[in-house]
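A short worksheet on the structure shown next.
Letters A, B, C, D, E and F mark the chains as written, and numbering starts fresh at 1 in each.
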Amino acid sequence: MSQITQPSDAHETTPAPLPWEERPAGSDAVVWRSQRNPIIPHDLIPSSNSIFNSAVVRYQGGFAGVFRCDDKRRVMQLHAGKSRDGLSWTIKNERIQWQPHDRKAAEINDFQYGYDPRVVWLEDRYVVTWCNGYHGPTIGVGYTHDFETFTQMENAFLPFNRNGVLFPRRIKGQYAMLSRPSDNGHTPFGDIYYSESPDLTHWGRHRFVMGATDGWQATKVGAGPIPIETDEGWLLIYHGVLTSCNGFVYSFGAALLDFEEPWKVRYRGEPYLLAPQAPYERTGDVPNVAFPCAALTDPASGRMAIYYGGADTVVCLAYAYVGEIVAFVKANSSV
Amino acid sequence: MSQITQPSDAHETTPAPLPWEERPAGSDAVVWRSQRNPIIPHDLIPSSNSIFNSAVVRYQGGFAGVFRCDDKRRVMQLHAGKSRDGLSWTIKNERIQWQPHDRKAAEINDFQYGYDPRVVWLEDRYVVTWCNGYHGPTIGVGYTHDFETFTQMENAFLPFNRNGVLFPRRIKGQYAMLSRPSDNGHTPFGDIYYSESPDLTHWGRHRFVMGATDGWQATKVGAGPIPIETDEGWLLIYHGVLTSCNGFVYSFGAALLDFEEPWKVRYRGEPYLLAPQAPYERTGDVPNVAFPCAALTDPASGRMAIYYGGADTVVCLAYAYVGEIVAFVKANSSV
Amino acid sequence: MSQITQPSDAHETTPAPLPWEERPAGSDAVVWRSQRNPIIPHDLIPSSNSIFNSAVVRYQGGFAGVFRCDDKRRVMQLHAGKSRDGLSWTIKNERIQWQPHDRKAAEINDFQYGYDPRVVWLEDRYVVTWCNGYHGPTIGVGYTHDFETFTQMENAFLPFNRNGVLFPRRIKGQYAMLSRPSDNGHTPFGDIYYSESPDLTHWGRHRFVMGATDGWQATKVGAGPIPIETDEGWLLIYHGVLTSCNGFVYSFGAALLDFEEPWKVRYRGEPYLLAPQAPYERTGDVPNVAFPCAALTDPASGRMAIYYGGADTVVCLAYAYVGEIVAFVKANSSV
Amino acid sequence: MSQITQPSDAHETTPAPLPWEERPAGSDAVVWRSQRNPIIPHDLIPSSNSIFNSAVVRYQGGFAGVFRCDDKRRVMQLHAGKSRDGLSWTIKNERIQWQPHDRKAAEINDFQYGYDPRVVWLEDRYVVTWCNGYHGPTIGVGYTHDFETFTQMENAFLPFNRNGVLFPRRIKGQYAMLSRPSDNGHTPFGDIYYSESPDLTHWGRHRFVMGATDGWQATKVGAGPIPIETDEGWLLIYHGVLTSCNGFVYSFGAALLDFEEPWKVRYRGEPYLLAPQAPYERTGDVPNVAFPCAALTDPASGRMAIYYGGADTVVCLAYAYVGEIVAFVKANSSV
Amino acid sequence: MSQITQPSDAHETTPAPLPWEERPAGSDAVVWRSQRNPIIPHDLIPSSNSIFNSAVVRYQGGFAGVFRCDDKRRVMQLHAGKSRDGLSWTIKNERIQWQPHDRKAAEINDFQYGYDPRVVWLEDRYVVTWCNGYHGPTIGVGYTHDFETFTQMENAFLPFNRNGVLFPRRIKGQYAMLSRPSDNGHTPFGDIYYSESPDLTHWGRHRFVMGATDGWQATKVGAGPIPIETDEGWLLIYHGVLTSCNGFVYSFGAALLDFEEPWKVRYRGEPYLLAPQAPYERTGDVPNVAFPCAALTDPASGRMAIYYGGADTVVCLAYAYVGEIVAFVKANSSV
Amino acid sequence: MSQITQPSDAHETTPAPLPWEERPAGSDAVVWRSQRNPIIPHDLIPSSNSIFNSAVVRYQGGFAGVFRCDDKRRVMQLHAGKSRDGLSWTIKNERIQWQPHDRKAAEINDFQYGYDPRVVWLEDRYVVTWCNGYHGPTIGVGYTHDFETFTQMENAFLPFNRNGVLFPRRIKGQYAMLSRPSDNGHTPFGDIYYSESPDLTHWGRHRFVMGATDGWQATKVGAGPIPIETDEGWLLIYHGVLTSCNGFVYSFGAALLDFEEPWKVRYRGEPYLLAPQAPYERTGDVPNVAFPCAALTDPASGRMAIYYGGADTVVCLAYAYVGEIVAFVKANSSV
């Protein structure tokens, strides 16, 4: 069975145990839902209309995260939160106030909106990427040491872009990011690209990674949680979108990317891992959405806990074994 | 706390008590739902596919109303109904047969469809406005004295228009109406305008009142119930539409319009008051719709009962205190 | 009361009894749902994401069928299944492998996708029609004797076409098919046409039958189950689509076609017979869909069991009396 | 031969002779072009990018007009002009500065843009209508006595509207206007309506007159010059639009409206009178446009001079005999 | 050099000489325009707005043809015409009145519109195919012996279809037709298919031939003149469409189809043969269109005269040597 | 009068004299056309369908350039060319074969298409930017020393982007580029952004410069020639697009950008400088296009020669005085 070779939170001296529930008896699903879903309701904090598509990491023996909390104007905001167990969360009612990293970054520091964050421990700090409003959506980049104060760097790319996801370490000396160029609306297309940077500010050497194909991923695809380093390559959980006559349906699946040249797809699972079928995925502010933004792993056991948004309304949790997903992707690969 | 200065049903000698339920314990919501929702099911009458977006008023010590009842062809119809308590309704199974007001009005009296009615006591009669099919949607105008016979006047405007809402009295000697120019489809835009008339037949002096902005009201806005006269100006409950990747979402909020020149917005609440989150608002013939068409008030207590359509399928009820809404709008105003 | 003059499964020596549940007490509905709905869940077989829009017939004293099973790639597949009682089904986990009828048919035998099948006993075999992917959707034609091996003939028409439905016998010596020319997407239009063939391979003498009108059938219409031969003409159950601001809504109704010249509509019921209002029709992979593909009848009693897809996710069952539907269509005809 | 019964410029004591050129030898055209076309070039005045779709009337023994002059920002403006002979024009380089009619009209007097004017002598002054920018296009109304100072009244209608054309006298005591409700873009639809007003400020009793049909007028239609009073009814020259795969094509034709109830179409010519075929109609800022805004007549001879825009770039002139047009419309009527 | 193996007008005992002009000095074009273009002006007959996209054949020592003449309503009509030299044409001012072939065909004989005809000598008569309006565009089929009386058969296909082009003889005993399934508007897609028929009434065994690719043929392709039989296969001249930001551009190129199985493309020329660059192709009712519908050949010399429409307005002529085109296609093939 | 402070071709020891023609007598235009237009015909080289939107620079006492030559497949290609006088050009018939700059660049060196080039002398070489096909349009970057061999570097940005224009020197030590993020089609939007790079490979610190406004630049804007350094800031000639009902119209105007922080617009001229009004701009492969890609200047005289594409078909030349443009922009600024 495939192994996690490098956990992304290896800096944690006493990593908190994963939230975990065993696979339901009789099921042979590779990914299964928490019985406690949704683990965060839409109105956990007074200011929120909905909380979903959020990113969590291990932090100081517990957990911390950056949460997409649409407020009651339905404006997209980012909020910080913490948890002892990864299930019960305390989220600040006030949104994150980004401090500019330097005088230049101050020029773009006027916050319009932010959504769909990802968080990764990168060298010496937690780096946050998100969809940041700057004359349209693009990839915001910032960091925090303590989930109390947050610093904003330059946007990684020109508009229009979404789903910027960093790798958890430099690759051949360069920082690396996946992203999905888009347009300024509900974008009926979208492929995953790879970009490199020496400094997290200037980006280049852009490469196409993989595009929309058919079925559940016929309209567009976008990277989900931070890629997980395994002995078979980078395990990428990603979302795919199908357009029915009644709109978009967001499911998620997985692929394995080359270790050294991650824009090369080694295996790509044809079936989805999880499609919106539970009531909290079927109905909500946007029906039929399951959108993963974070995954926590336990290297020893191979367990993985996937945090995903349900119906653009609530935060949900699903479980899997990394080794089983790797095996599933290899056995059902379109590549 | 702000006061209702002029109830729109002051002509009622013994006004019926409002339907009312107190705010749920522990809630700090400004508007809260009835526990009995939906108060009118989609199939209350044999001919109806759905009953929603309807208008009620106090009438002879009880209540009466004009109801949007889409029939089983899914053609939009208007039906009259009455109620002792505002909760249990008797709606006629046959649609309203409009009688022409005069020989001229007879020329446009061929009923194609009617929907989203509003009703207001105006001087000496109940005046009904609705979206009337005449080579496209426009604002129909008619009246009744008894909710048994109904008389149709001229359409107020050229097509295409929806959400025509009269003020409950003349302003500076002129009748006044809010409306939302639209197009002939599912109109992806829409602002609220103000028009004047000396005779309810000829309209002019059109003024822009307010437009779509962002968040829950990014796509279009339209007046809801008859404006309520308060010491802070006209309280306007209005719907707003957000376009998700899966379609329109209808919520409602409030604004305060100038007393003398109602096209001037004094305050406009940025957050919504109620968004579609209950099951009967989330699913139905059109998912994620909360659409208010009427509000009854009790001047003494400041209580308000808002009638709104749920998911274009059923009639629902929500409650609030007028003074609290006024305070909320002023405290959260974008103006 | 109108009679079924020629059951389409008269070849069955001991026809299985229909699945049947009486009309609920107090209801006056012409068509009513099974209390056991959905009778086939979305995950009856391991490979399926959903099972819906499927066709069943009587077969050797029981029942057999061809099922639309979208797999976990969300690719549309056809599977064979059998049942003792029409309610509990055994569906093969592997899709149907079509064998080419001859050397020519082998040229188009590369299966891309198949969906929305219909099945009819025609002279000496069960003929299957379905929406077949060949450079876009068109009408696939094949047959089986035993629901174990299936043979593919030529596609009936050029792309783009859907909802090809055969009549259960030759009419004036010619095979006859209804179909709905479409386009390659979610087709916002669609009328029903009639075509003739001497050999099930070459088709011509195409006639317009009926088009979209308004209300529940304003966007498009398509034939549903195999037409039923009655003393009033061919009873056609068909689906209609309404476009709300949140997408398509699929309901179904009925019409009576001329016996000799079935492209002439004798009566067409204005109201729908069933619209998506049950939870399993309201939510699912495509909300608000009720899509009929098969109907079984009992000539003696006039009972009919209609198999229809719910929300593009599950198989459902509804019941009616043929005579009552005929009477309803005649009493509520727009023709 | 049909007669002009009431010239619209009967107030002129010594009406200027019409510009006139005889029908080319060998031609049997009902309408023929001036050999001097375009009579006004796109850059007649320094500030203009283009001059087209303009309205002229007889004025003090000569001619005056209101001209659409798009400036070099390509913003649409209205300019006044005068001419001795109707062919050589002096147009002011500065746009018309509208003075508000009263304190109310001052509220809407902030000029955004104006285009496609019409001018008519109405009782005691020249009344101008145009497409006026007020939160979208609607019908501006103003007047002048001398083509030097211009006064703006209230907009006639709510947005969105274009092609507002007044009748040259009251009908049954009411002012009367044709207009074409539209949307805020390049409107792919459009029908002609009739509205009445007691005071040129409040409008009502709206009636559908005629809609788009097919061929050259398949997409939309709009009134052109001021209707001409003949013994067969009001002669209406109107434009029609056909949508080719390369955009809109504007031609013009004619109809005869009932004298007393002008929303009733007595005759409507199926063929166009003039389609864009000359080089100055085929190419320009908008290819393939012939758009009439004014017609001058000589009651004695029945001659008519039609001013129309060519390719949204220049002003052109065409000639006809009113009696011949009336005869043509009657002989080729679709009504 | 490749040879014409079977001229399509071999039945002509004394075939008229081709219209012909030599390649201009200095040019190395494979296809070159007539210096007399347009050879038929838009107003050759009194009733025509435009004459274009027309089909001609050799007939009784001269030439005859079926012409698309849009009338002055801009309704599409078919007219018959004759010529001594193929350059000067006499076209009837009245459209073709189709007589039904039999009682069945009479059911569809109500002429709505017809356009883009092709004509081929097939066995014993001239068979005409065209885009025929029957609840949308489809392929009309008819025949004539004398270009005086014309008989209409059944439409070949269900709507929506255009550019039906017959092969000039049976292939393996079956009639054969190319066509381009489309939709009901300006169809932004379109591929060429092959269909067979035993009787010109029933069609089947549909095969995909070739689709849109890129460049001048990126949007859609459609068969042009009747295929020409050469020793390298069927030479197919076809049009291709590119979508610029200002609409469709129609050019034409060529391919070679397999002799026995014409749905197999042997060679397909990547560059166009002729693109709209002459003034009469650049401007007109639809700018930038060159659309071929007929080609005459002289087997002895290999000369070819191609009739094509210019700008949807006029008929033009271009010349080539069949052998040179074949060589060009083979030398520049994308297959 | 404003001065050119730093000519972009100061490396030329004996700079060739500009092509030049004086302003026509009687004209007061700020920019005027060459009487020799188009200076390069569409078919200058055998392989070209059209030559337009091309970039020229001074080179070794004469001129050199990179030309957009769409070939006869209508595929977009880049060709090199040279000229003695800037008017008569020798363009290679074979397209530029890009050599990869390094092993990494070789990964993206598979040429799909290239168009709308710009060329600038940057430090020690001529750097070329263009719209490069890499899974959609993005900004290609390369260089040449001799216009014989060309080297390709990394694409500057992720797709989708067009109109990448480099500044002629580093600004505060960083390379600087303007570009216009777009989408993959005919993009109905587009603003100009500024990006920085330390190495021409990695780009960041993206800033919004200016967006579409109204009139001739209502739909989108994009940088044209290399910005010109003047004592009033960077003079930017840019194109703007207006969407008529018949498609896009491309004109050009000018703005002045801050010297140190070029994303700050100091002045922006509201009127256009040149709009498509000449025949070779009005008709061609894309009607109504004037698209500038290069400007040569003579610092001593202030003369400027602007190379622009006409109707996406030919290369044209216009003239101006830099000082006059600067004065015009300041006098007519919207900023």
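Keep this in mind: a contact is a pair of C-beta atoms (placed from the backbone, for glycine too) under 8 Å apart; a residue touches a chain by one contact, two chains touch by 3 or more.
Bear in mind the structure is a predicted one, so any value in this text is a computation, not a measurement.
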Selected pair, out of B-D, E-F or C-E, that shares over half of its residue contact pairs with A-B: E-F
Between B-D and B-C, the pair joined by more C-beta contacts: B-D
Same-residue or different-residue interface between subunit C and subunit E, half as cut-off: same
Subunit D-subunit E separation of Cα centroids, rounded to whole Å: 42
Subunit B and subunit E: spacing of chain centres that average the CA atoms, whole Å: 60
Inter-centroid spacing, subunit F versus subunit B (mean Cα positions, whole Å): 56
Touching two or more other chains - residue numbers and ranges from subunit B: 246-247, 283, 287-288
Contact graph of the chains (line, ring, star, complete, other): other
Residue ranges of subunit F in contact with subunit D within the complex: 28, 214-216, 218, 242-247, 249, 251, 270-272, 275, 277, 279, 282-283, 287-288
Interfacial residue positions of subunit C with respect to subunit E in the complex: 104, 107-108, 134-136, 138, 154-161, 179, 181, 183-184, 189, 191, 193, 195-198, 201-208, 211
Of subunit F, residues touching subunit E in the complex: 42, 46, 49, 71-75, 186, 246-248, 283-288, 312
